[in-house]
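One chain, chain A, appears in both complexes that follow, with chain B as partner in the first and chain C in the second.
Here is the complex of A and B:
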């Protein structure tokens, strides 16, 4: 009975995995095709599409600005989010639940709505340039990840360990850096990675806030696909997969197995 | 290694009722003093105020002649051991113990030497490179003590340090705490709700009730002469007989009976109290009281009877060799030498 149960589970697992991996596998294969349009199976093998990526200025500049915005937005989200979480979990703040919801609210609103709202307010009404508007949009996108991950890890941390540090002669700020921070490190790195990946891949917010002077990689890919259906996009996708995989591996190395999936409580 | 003086401490959270009223306490150099009381009595609040983790509403805290009432926690030079031990999870045992010395900018060589010596004193030498989560409860407790004591604190504050240990370990750890405290001559404040635990190791005990000290005395004094009904109840007196009037110098009227005592009180006694095991079971006779057993429970060393008597319901302990059935009569006398008159 149990065996049959396991067999069914195994089959379902394999199907799910196949559904996840197969499309990616097809993308990888098509990136080496010789045809002028994306087709599968491929007739010949070439690396030309990989070379072609670098001839598209939108991809190169898009990669640069996506990278910059993702890095800055993730860092800013940490700089704002970690102190906010510390305050929310350690001080007696009136309307605590209200603040908690406020910080998490960007996840409740469809991103496309956030993008449109920011476009209306920042770009049309306030006449803010695109770059800072994009940064603000991506910061909003990132903040909930920081709040959620770091809050759960702060709640798992015994508040008395900080008090013990104070009684041993450490001031409050110093205790934060020597005692609190090392113990929530895992969740901070995990939050940074999630922020970075989500910001780097984001389309709905970027769609409203980029323009000819300021484009982002995902929207550049979307634009390119509308006009050319050639395997350059497949090649670029393969490079992005490798890039994300490298980030994941780096994270495993830094934090150990499962840091991303266990929402980063103290190791 | 200091005297502690608390003068008129008061504490109120927000607009609520006060949790401490006008609490004063003097602890002599090198003594171990317990704050004993039920939860909500203000004992942990008092300890946290001494540590500087809470700011009192009013009152003064002095260590020797040094007024520390407004000194921030990290400048007080006091160590605290927490109920949860509060070890730093990311540091080894050695680094945990060394943490306080590092903050004092003590040289690396001296730090190593002092930490090593403290680990030896607390029997932790072999565990120096372990992490807290790899230790048993008792070992973690020792690390917490070592970390608190290595900095030579003026006062050691212990907040229910034994309540997370199992019963057997609790006894050996409390002896360990007493041994270390005597060896290092550190003035220590020990917060507990366990009467036996604090009597075992304290020089003096302050019994707290609703933010006030009911009695501050040596354990023996408290055990034999509780000052108030609250203290008596807390330390195992079960029978409280309301006094209707005074018959003679050492005789009181309880219900329609006259009860004699050996000790006199300064003022008028309100209640007489006696422990269940001090009531004497005797054969039926003159001057002997009788009552009917309504409940019998087994305590291991004795049976405890609830007896419906002319003095009201009484708790009486009887020997396990001769159990008395529920519903049967029990004959007893109240020995005058064990009855305590209480004024409050």
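Here is the complex of A and C:
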């Protein structure tokens, strides 16, 4: 039987899990090494590489802008995405499918192409500064998550509840904020978290839209790796893993364990 | 509610996509048909170059192998996870989810440490006296495949676990009682039920592996370009914007073509499942 005691399934499962975890474990170990280049196993123990992160201005400023852009892009995506979803699911909009396809269309364009096209249009043609261009790029990345997640929870919400409120004299905006919004809260939080994580981790879009004056953390690491092979990146990776872990705990607190595993599929 | 008001809520998102996604796409697409001798001149030039064809072939091969390996490793793992107790299943799901949410640079960097000339794997093999000189593992096509599998396997597993959780074990028990061996159960009962999920996973992995930038950049190096790294190299290192645009359009075209085929096949499967 192919149950949990099946030898073959068990062996493959354990090996795959080990292969998923071990590489990250090796990175953690190398971050404590005393040698000037990354080595494994390590010869001595030091925390110096963690201190070294803060001496790299690209990492510090990159973290700040990645954080700001991710927060702003996620918020903006919600601000323009939720009203659009509301209109599409509650009003009788002609050509509804077209709008849905349009809003999800950024997922069909490879991210590297979005970055390149935005660089050409915003930075070269329109001479827009890098910072707003980055924000726009990350907004395009985030919007489809909002549309997808919020649409499915709007479709699950019984429209009669809202209609009951109107009949009782509540204005449409008031009904939206007091009845609809609390009911789709989970999908909004989930969309925000997914947007934030994907924007924070994004490389292909940021790659074209950053420069010496405007760093993003992932691309700063990429640049650093071109010329250096020391455990600073290992140390920074450990901090980023802790950051991921913190976000997962936050997601679990806000949405519950079940939500944590189902949102993973959409990532 | 007046008609104008209804559309009012749609305006910001619609304008945003039109102005910032579709217009820029048009702006890079138009020069690719106007700068050549005829509209398809640049494309036929690109598709006739041996080097560029090699890049396209490498991109597709890496995406196909990555997809196949993630299915082969992901399916048994997903079945194994779905057959655990609820508590264990949650722990395992979190372990699978963690890499998905971890930055791709970090995940690829791990493989630089493992596959490098003085890396973990070479040291291990030399320590065991299996090889005498370090192997060239990093900056090869295989390194890109390994990195891509590592990147996308968790996504395949989560997609398959959802579907495997929905399987009814009693059907498998019935088959076992009637004398089916595990492999027959897998082929005749599990695979047909999980086929739509396998295709969904394949779509996600293929699209991701085909267009990924970080993995081929970090693990492939400059001599093993795929289409995404070629776009960046042409645009930013060489300044050939029109060439970069041609590659970008071909990449979009190819990925839409493959995804369209996979979706069409998923649709056919879904219909077959409904009819059954």
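The working rule: the second predicted complex is superposed on the first by the 253 of 267 C-alpha atoms of A that agree within 3 Å, B and C clash if a C-alpha of one lies under 4 Å from a C-alpha of the other, contacts with A are read in each partner's own complex, and residues count from 1 in each chain.
Simple rule for what comes next: a contact is a pair of C-beta atoms (placed from the backbone, for glycine too) under 8 Å apart; a residue touches a chain by one contact, two chains touch by 3 or more.
It should be emphasised that the depicted structure is a prediction, and the values quoted were computed from it without experimental measurement.
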Counting residues of chain A in contact, which comes out ahead: chain B or chain C?
C
Should A:125 be classified as contacting the first partner (chain B), the second (chain C), both, or neither?
second
Chain B versus chain C as contact partner of A:9, first or second or both or neither
second
Based on the superposed arrangement, let me know which partner A:237 touches: chain B (first), chain C (second), both, or neither?
second
For A:117, decide between first (touching chain B), second (touching chain C), both and neither.
second
Where does A:47 make contact in the superposed view: on chain B (first), on chain C (second), on both, or on neither?
neither
Give one of first, second, both or neither to describe whether A:201 is in contact with chain B, with chain C, with both, or with none.
second
Should A:164 be classified as contacting the first partner (chain B), the second (chain C), both, or neither?
first
Examine A:93 and indicate which partner it touches, taking first as chain B and second as chain C; both and neither are also allowed.
second
Where on chain A do the contacts with chain B and the contacts with chain C coincide?
172
Could you please specify the touching residues of chain B with respect to chain A in the complex?
51-53, 72-80, 82-84, 86-90, 99-100, 103-104, 144, 147-148, 151, 157
For the complex, give me every residue of chain A touching chain C.
1-4, 6, 8-10, 12-13, 16-17, 19-21, 23-24, 26-27, 30, 38-40, 79-81, 83-84, 86-88, 91-93, 99, 102-103, 105-106, 108-114, 116-122, 125, 136, 139-140, 143, 147, 172, 197, 200-201, 203-204, 207-208, 218, 221-222, 225, 229, 233-234, 237, 240-241, 244-245, 247-248, 257, 260-262, 264-265, 267
Residue numbers of chain A touching chain B in their complex, please.
158, 160-161, 163-172, 174, 179, 182-183, 266
What residues on chain C touch chain A, complex-wise?
1, 6-10, 12-14, 16-18, 20-25, 27-28, 73-74, 76-77, 79-81, 83-84, 90, 92-107, 109-114, 118-120, 123, 150, 153-155, 157-159, 161-162, 169, 172-173, 176, 182, 185-186, 190, 210-211, 213-214, 217-218, 228, 231-232, 235-236, 241, 244-245, 248, 251-252, 255-256, 259
